[in-house]
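Shared chain: chain A. Partners: chain B in the first complex, chain C in the second.
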Partner chain A sequence: MKSTLRNPTVYMLFILPTIMLYFLFFIYPMLSSVYYGFTDWNGLDDTSFVGFDNFVKAFSDANFINSIKNNIYFILFSVFIQVPLIIFFAILIGGVKRFQGLYKTTVFMPSLISTAVIGILWGFIYEPEVGLLNNFLSLFGVETIYWLADPNWALLAVLITNAWQWMGFFIILILAAILAIPKEMNEAADIDGTTGFQRAVYITVPLIKPIISVVIMLSIAGAMKVIDIVLVMTNGGPIGSTEVMASYMVTKAIRYSEYGYGTSLSIIIFAFALVLTAIYQLVFVRNQERVEY
Partner chain B sequence: MYGLPIGGNTEGFYYNQEMFTKLGIKVPTSLEELEAAAETLKKNNITPIAMGSKGAWVPLMLANTLLGRYAGPDVVNGFTSGAAKWNSPEVVAAFAKYEEWEKNGYFTKGELGLEYGDMLNQLLTGKAGMMFDGSWRSSVFKDVEQAKDLTGKVGYFSMPAVPGGVGDQTYVNGNYGNGYGFSVDLSESELAAVKAFIKNLYSDEMQLRGLLEDGVLPSMKLSDDALAKVEDPIVKTVMDIMKNAGGAFSHFDSTVQSDVYKVSEEQIQLLIAGRVSAQEVGDALQKVQDDANAKQ
Partner chain C sequence: MPTAIKRAFPHFILFIYVGVILLPFVFIIFSSLKESNIEIAENPFGFPVELVFENYVEAWVKAKINVYFFNSLYLSFSSAIVGVILAAATAFAVTRMKFAGASKWIYQFVLVGMLIPGNVLFIAQYLLVNKLGILNTHWALFLPCTAGALPISVLLIAAFMKAIPSELEEAAIVDGLGSIGLFARIILPITMPALVTVFIINFLGVWNEYLLANFFISKDSLRTLPTGMVGFRDAFQTNYALICAGIIYSVIPVLILYAFLQEKIIDGITAGGVKG
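So, the complex of A and B:
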């Protein structure tokens, strides 16, 4: 037994099945999709190698450029609107004395619901004639807004829904960091006569900077690969106003059977996400000082 | 390989008979009457034509029928050979009519966010007076479960003739899309089975069953005896219209290359959103048509 456990081949044998499955379902599909990205495969006919044609086509495809633009809106919305709101609510909940558990559970709830359910739920809220939102707005004399049918409003409607779904999850992340800050710091500041706002800006936020940075990075990555909420709510429409890179890839590959082109789009999305998060890491995270209490 | 269509369909306007009677609208037989009917409905705060344009194929049904009226029944067969041009005045006239109806507010507001199924609900709930849809929908209106109060109170008429339209204006939009394929390379016993199958399926009896139960239009001429068994008023109307039609033209989605069809889906939605004009739709389609034709 002892000698068996010292034998590296035995270890190899134990991990071999897992490695094989990993290769079969992860490494192999990944490599083959890189290959198909350079072909004109349509799922049926003979496939030929077309070099960088698909990639050249992607960057001259007005619809794909439009979807990149919408992804950028997703990123900007999550970094500049969602993240500040997340911090605000986390500090708020961190400050309450009673029913904190209730608030925590409540804000976390949306991220537990399936996206399909959320899409349909918000579809009811956005319903133009009897929906909750338009009913509320009509109290102020706002005329009927066709939220998901009007190209000017559809993206905002999806952005709000997406934010609603994921903010709770990030609030809990930040809340954990806030609750880990030693009480003495806030007590000392309190004795010095600071206001709640001053404590938030000068004590809490600087101390939770590393976790904020993680939340921003996760938001960027999430915004780059967003797709499910778009497919459920608008399927990229109306007239492409909510089309994101991933949903455009699905449309091209699955609906129009342009698998080669669709695969090359997926490679582009992967490259974008990699580059953006790498830039973010290099520029912001590296320059950060370690926080010690 | 051989192919045989199992049955077909045509497209036209369904309308709420009660509402038409109440508002004193008679079934339109000309374009002016159709537009007058739409105006009357609009004045009474009813959507004239129910539409769900989230899936572009839905508005394209109406666009294709207008195409057959304004540019002639043969136009859909001419795009791939170059005999017909998308940006010719006749084709653009069809899109211009669509654009005009759009601007006049004849279609459901917020249609770009509505599914195909939603437009039926608009007609059934009395929010809309008419709906442009395929003959396959007729069975809904005899089913109390689905049609509720409107059961048996929905009529059907085909797109009226348009002034200045090219070709025979009685032609209808007719599609024989679904069917069976049979391999040429068969053994003797297989061939016998295929022959028996065809004989069985393409009989008065089976074709009539499809028509009566599912509203699938027969893919062969039925005997008068068989036709006399049709009781559903909508199916009867459809069969009458088909009988008196000069012929049928198919949908351009079955004649043009898939690249062209994809662009037509984009363009019709842009037209609905008011982002492009009818002429721009024609130009964009001709551009991709030229590219597709050059590839062949």
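So, the complex of A and C:
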């Protein structure tokens, strides 16, 4: 009877298409990345093996260092500004009964929409003359700000847009954990006469620590690979003030055909992501005992 | 603090947040119905003086939103369907068929893909697509997107299939079903909730995809909505009413889907986001 499920032809038929597609567009590009990263290939001339030259070049390339700095701003902004706000809003939504569905629906909505469209939408809001933001600020007498054209403001403008898009997604993640906290906990706290603030700090946050840790991890990962929003809103400008590692890599490879160098940048990005994840796991996750209700 | 105020306070804060989310959309809707930039600039928060629906007609035809729209629709749909079928077949083979040794390796091999952030492979994929001669065709988008969604799809569907009791398939086999029949007529229908989730994740993934679409496809008639919209913005930089109408077109289908499948979408995307 079991022989039906031991048919090797069917097994191969079910496995092979996936494996082939996966190999061709995932494994092969991974292997070829490692190869190209150590060459000086530019799409035209003969390719030669250059050892670690590309990697040495990357760390003395002022533009690349600048883009690393901007990725760090993305990480700091998401971890120290977005995450506390996310926890705050999630606790607020978890605490109300009326309109909870409405809040959930609305807050999550932006994470569904294409980054390209959000970039266009916010580009319009930031528009100096007709945009919503300057018109609003002018009510308070603020002078025209060239949000996306001024190197002092452009990165902040992109960071805010990015936060607007993704905060709801993380709020929903944390909210799910908050709603899973047994009711008895909160009832006991009520009997003890805690304030909402005390309950949040001493009961809710400690209980949802594991999911907060996941959210921080995902935020860092997201900040490392951010690219679409930058390409659409500023294309890395003005004068490199919003350039991130991924956008710099793409520009180098596609616009300047420096495939070898570009690929080595992508390997560096991958290495950074691995190292950050590892550090985070070692420092924070390991020290955390499992929460049990 | 009186209880009434205490109760209202969270709602007050949350309404501000909801306002920050919704206001841009309201602004876009109003602007899309205004006659010109002058009207938008003079009265940015106000209702349009006269509803100018021509913007929608003009954007749909002149800006070729219709072309981008259908490109996006059929690419997202076909990639999501093919992805679901491939992932379901693989998940079935790995979890239900009796090749435990091979299955364990294949499963691990596919899941490794989830460790690699998509854009790290961008240049290598570009060169590959170029080498295959499919640059500037829809294949250049379809194949990498479908492949890229496989690891998480296999993971989600396999997790679901593992939980199906084996008595069920034994009964089906006694009744004379072969393994393909078992897969198509018993396992697939039971797995439907997971398949729908995976379909939604994959569909939205392709619908919103920008990086590959931007660099792998430069022919205007092949563009998808996100890249088409950006090109449209760059071309009509000064006509905001028209651009806003374009934004509405690209947002509406997703929001309609969201209105009907809200729970499913939220569950699917958060599952995809956490594990992916």
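We adopt the following convention: the second predicted complex is superposed on the first by the 277 of 293 C-alpha atoms of A that agree within 3 Å, B and C clash if a C-alpha of one lies under 4 Å from a C-alpha of the other, contacts with A are read in each partner's own complex, and residues count from 1 in each chain.
Heads up, the rule we're going with is that a contact is a pair of C-beta atoms (placed from the backbone, for glycine too) under 8 Å apart; a residue touches a chain by one contact, two chains touch by 3 or more.
Being a predicted model, the structure only gives us computed values, none of them experimental.
Partners chain B and chain C, brought together by superposition on chain A, fit side by side with no clash.
In the superposed model, A:256 makes contact with chain B only, not with chain C.
Using the contact criterion defined above for the overlaid structures, shared-chain residue A:248 touches neither chain B nor chain C, since it reaches no partner.
In the superposition on chain A, A:74 makes contact with neither chain B nor chain C.
In the superposition on chain A, contact of A:38 is made with neither chain B nor chain C.
When the two structures are aligned on the shared chain, A:7 is found in touch with chain C, with no touch to chain B. When the two complexes are superposed, the chain touching more residues of chain A, out of chain B and chain C, is C. In the superposition on chain A, A:150 contacts chain B only, with no contact to chain C.
Of the two partner chains, neither chain B nor chain C is touched by A:64.
Of all Cα pairs linking chain B with chain C in the superposition, the shortest spans 6 Å.
The touching residues of chain A, counted against chain B in their complex, run 63, 128, 144, 146-151, 154, 234-235, 237-240, 256.
Only residues 6, 10-11, 13-14, 17-18, 20-24, 27-28, 31, 37, 40-41, 44-45, 86-87, 89-90, 92-94, 96-99, 102, 106, 109-110, 113, 116-128, 143-144, 146-148, 150-151, 154, 169-170, 173-174, 177-180, 182-183, 204, 207-208, 210-211, 214-215, 225-227, 229-230, 233, 240, 243-244, 247, 250-251, 254-255, 258, 262, 265-266, 269-270, 273-274 of chain C touch chain A when the two sit together in their complex. Residue ranges on chain A touching chain C, taken from their complex, read 1-2, 4-8, 10-11, 13-15, 17-19, 21-22, 24-26, 28-30, 32-33, 36, 89, 92-93, 95-96, 98-99, 102-117, 119-125, 127, 129-132, 135, 164, 168-169, 172-173, 176, 196, 214, 218, 221, 224-225, 227-228, 231-232, 246, 249-250, 253-254, 259, 262-263, 266-267, 269-270, 273.
Residue ranges on chain B touching chain A, taken from their complex, read 54, 109-114, 258, 262, 266, 269-270, 273, 275.
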